[in-house]
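Note that the chains are named A, B, C and D in the order they appear, and that numbering of residues resets to 1 at the start of each chain.
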Amino acid sequence: MDSTHILLIDCPDEKGLVFRITQSLYQQQLNILKNDEYVDRDTNHFFMRTEFEGNLNPDNLTAHLTQQLPKGVNIRLNPKKKKDIVLLVTKEHHCLGDLLIRYAYDELNANILAVMSNHNMLQSLVAKFGVPFHYISHEHKTREEHEQTVLKALQIYNPEYLVLAKYMRILTPQFVQHYPNRIINIHHSFLPAFIGANPYRQAYERGVKIIGATAHFVNNNLDEGPIIDQNVIRVDHRFSADAMAKAGREVEKDVLAQALKWVFQDRVFIHGNKTVIF
Amino acid sequence: MDSTHILLIDCPDEKGLVFRITQSLYQQQLNILKNDEYVDRDTNHFFMRTEFEGNLNPDNLTAHLTQQLPKGVNIRLNPKKKKDIVLLVTKEHHCLGDLLIRYAYDELNANILAVMSNHNMLQSLVAKFGVPFHYISHEHKTREEHEQTVLKALQIYNPEYLVLAKYMRILTPQFVQHYPNRIINIHHSFLPAFIGANPYRQAYERGVKIIGATAHFVNNNLDEGPIIDQNVIRVDHRFSADAMAKAGREVEKDVLAQALKWVFQDRVFIHGNKTVIF
Amino acid sequence: MDSTHILLIDCPDEKGLVFRITQSLYQQQLNILKNDEYVDRDTNHFFMRTEFEGNLNPDNLTAHLTQQLPKGVNIRLNPKKKKDIVLLVTKEHHCLGDLLIRYAYDELNANILAVMSNHNMLQSLVAKFGVPFHYISHEHKTREEHEQTVLKALQIYNPEYLVLAKYMRILTPQFVQHYPNRIINIHHSFLPAFIGANPYRQAYERGVKIIGATAHFVNNNLDEGPIIDQNVIRVDHRFSADAMAKAGREVEKDVLAQALKWVFQDRVFIHGNKTVIF
Amino acid sequence: MDSTHILLIDCPDEKGLVFRITQSLYQQQLNILKNDEYVDRDTNHFFMRTEFEGNLNPDNLTAHLTQQLPKGVNIRLNPKKKKDIVLLVTKEHHCLGDLLIRYAYDELNANILAVMSNHNMLQSLVAKFGVPFHYISHEHKTREEHEQTVLKALQIYNPEYLVLAKYMRILTPQFVQHYPNRIINIHHSFLPAFIGANPYRQAYERGVKIIGATAHFVNNNLDEGPIIDQNVIRVDHRFSADAMAKAGREVEKDVLAQALKWVFQDRVFIHGNKTVIF
């Protein structure tokens, strides 16, 4: 198994961690290509991401590292490869279209296994790219029933990540717990400004001069998961609420694409309600 | 009186307003240098700003325009000249220092008549630039007593605008009503995110990837006046709350300087809780 | 013919132009929705763009305006409607894909009549969107022969604008003169930095910290036509020339989309080698 | 000598470098606070910056590292402390004023030992801050004579860095060689666009939509030294060449301050004509 791997380690900080980790890799004759470390001083927690190549015995390396490192260490060891993902959408095409084009030209670092939607408006767009589309209407279903149907459809694909590419339904904690730290959402505001419904209308009413979008992991609290990326654009008095929404969509698709790039390259740690990104 | 003037008109919209206004100017042989108009569709309100030169009889022009334009029209007619201002500060020097340097080199479009502070830490900085400094401590005073002392000191100078250049005290409505739409504040967050105390700490706790600052007019509700300008910078996990505050100060001083430039050039209309800026 | 029109006027500046133009519109009972003016002081040239609605007699209005305005006035009077365009591409899909998605959802303010390419790699992408694709190889042809073939193909469609969405061939003045001020190109650098071939390689070699893209009208001098829009992103030492090219593509597609939006909304004047954009 | 130090190492890349360096630090019981590495793949060159604390014997550590690391290794070992600098200026106050305010409030990470100028216009500004000012006119002197006088004045101060804060004279290679990689300049364009004189006029003539500034190390070729930082702002047709220059000054002072921050924190490697910045 001679190829590139990515090693993600986080643990309580103590002296000599980089030395011990790089020693382990050196002793196993693995060649470091790229290395990043960070220590969060508030929580005294250490993070390290290493890209290396060489003839790897994963169990040996993990065992050796576990022995060397503090209790409670988290070790993730991933081959450098594409992630399997499923997209959830509602009616808006802009993020979906952008991701499908990237996928068609192998720029997404992921396989889009399927697209699921509570509406059927985006079916024809998805069909152009030969990706399975599941129309799972929420009508005449309770929230729980609808989520159960989605979960069942997801089981077929067993994705590593769910991407909410403008999925306009709130997920229950029961749903989220099936994909812990594995659901990524794009929110159409510069969080924490304008939490909740209709953020562009809120921004318009407040007369802000900048609007934005936020990509974040989904946890149990609406719009409060760890932020992966944010970006903004300038607006002025000439923007109606609708014009803000249109302009904001450009930011939404850029921010989501950027966040996915980082996540799918195994560059993101979740630490409490924050992210550490190398 | 042959010089450049700025005419600011806002009124309910109706057909022919630009025609009528430019006709009035034309008939008085005034030469338009620059003209901007905007109609807010939500409220059906018309805004126009005109820079013109020529031999002006201000009363004639105003009377003529009032006659031609809808009831409730607001007409402001200002010669193009520097504004008289007073700065209010507390302990932080960054906005103050920036404004003093601009003032020293005649780049502020304003005369800084005085600086007032509830602390005396910035006295030596202000002294370098030969500007009067009033140390008006808030200690052993009620909020109302302190504000009365400040208002009394302000009477000496009769400023057109008050600039809160990191003045860390909340102003009462009683104070604000003395300077309606004439107090400009710099708030150290990208409003409406992180309203209230210690926004950089709040931003740090939330793990945002962008922080910002907001210059706004002060009205009776804390941090809720009409926004003049906002700007942002990127941060990441390596920024402590303190590092965010430091980085944010760079944005604060830039945003305040930009907002003042627009206000002092008579480019800003206040419309409800928003601004229209030409 | 009761609908929204856009009136674009430019002429040597003189007193009373706004008055005369708005008077003409008022007398014909046309209602101004939006009005922008600008005077270039260096050349003493006046520009005005007016959106208006009402029952228009175009010949009457144009005749009346011509009579009122200085000699040499340029008057364009367009109904507010979509432009007919043809895209020219080579091998890169990112700008093309972005424009096709926008077109599919009626967000481009244009009809893409056809896509033409000197390679056939993008045929399948174009086919997904039901747009005619012309593969016009340049092999075994002189530059002039190739251009003649393209011109002939274009005659079928009679487009108002040609969009070079990463068309990697230089156009001769003979070609360009068929579409004066009607060809828009996206250049993969922040012009005038890195004119010519392989700008990302040049940027990498120079060690710049920001890269960009430029949308411009095409005239007879390579990369020297009037600039419509530019944008940039930060890079650092970790970006290889290839990584810069990848990151730059995101900017290219955003800048091209923005420039097309402005041009197709009749918001752009060309003035010498510059643009005036309202 | 128990304090924080910064270790900067660069050398040809080979396997095990991070391991060997961190082992050396570990064996000397030094505690790594922050660590960054980078390998330039084009030149196969390794860079590492380490902040550490502990009881250091500098000669021991350097000797140990030199023994462990490839031939041709560059090792810099600096205590974390302020740099001694001299500023060279001409007539413009904006960068100078900004740096003096930062210095007055201990935010520059440097001691400004003196300001030297070929004009005396900025003397009064410098005097406000109690910094020595040397007026060294270039009149009636050859370039060489003038530079000799400046060099002589610099000898008094023995600065670690010279900062050209809008010093509008070209330095000869003879001068530059006295401060190799230790002279930092702010150039008023987004290099390599608009090299040479009057870049804002050039930018205006070209009709660009973005202007910028570049902080770089000075080497023997005008405007061609390694770039440290760049930034930009949007402009449009309403900006005269003079308005561009004014707007550009805001960028100039921000970029210079940012570049100095990085250099004075020992975060910058020079590698050929590029910089690696951690």
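Criterion: contacts are C-beta pairs under 8 Å (C-beta built on N, C-alpha and C of every residue); 3 or more make two chains touch, one makes a residue touch a chain.
This one's a predicted model, so the numbers in the text were calculated from it and none came from an experiment.
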Set of chains whose contacts include both chain D and chain B: A, C
Chain at maximum distance from chain D, centres defined as averaged CA atoms: C
Interface composition of copies chain C and chain D: same or different, split at half: same
Inter-centroid spacing, chain D versus chain A (mean Cα positions, whole Å): 38
Interchain centroid distance [CA atoms averaged], chain A/chain B, Å: 41
Where chain B touches two or more other chains at once, by residue number: none
Complex contact set, residues of chain B against chain A: 38, 40-42, 190-194, 205-210, 212, 226-232, 236-238, 240, 271, 273-277
Chain B partner contacts - residues on chain C that touch it in the complex: 15-16, 18-19, 22-23, 25-26, 31-37, 39
Parts of chain C lying in touch with chain A, wherever the complex brings them together: 93-94, 97-98, 101, 104-105, 107, 125, 128-129, 250, 254, 257
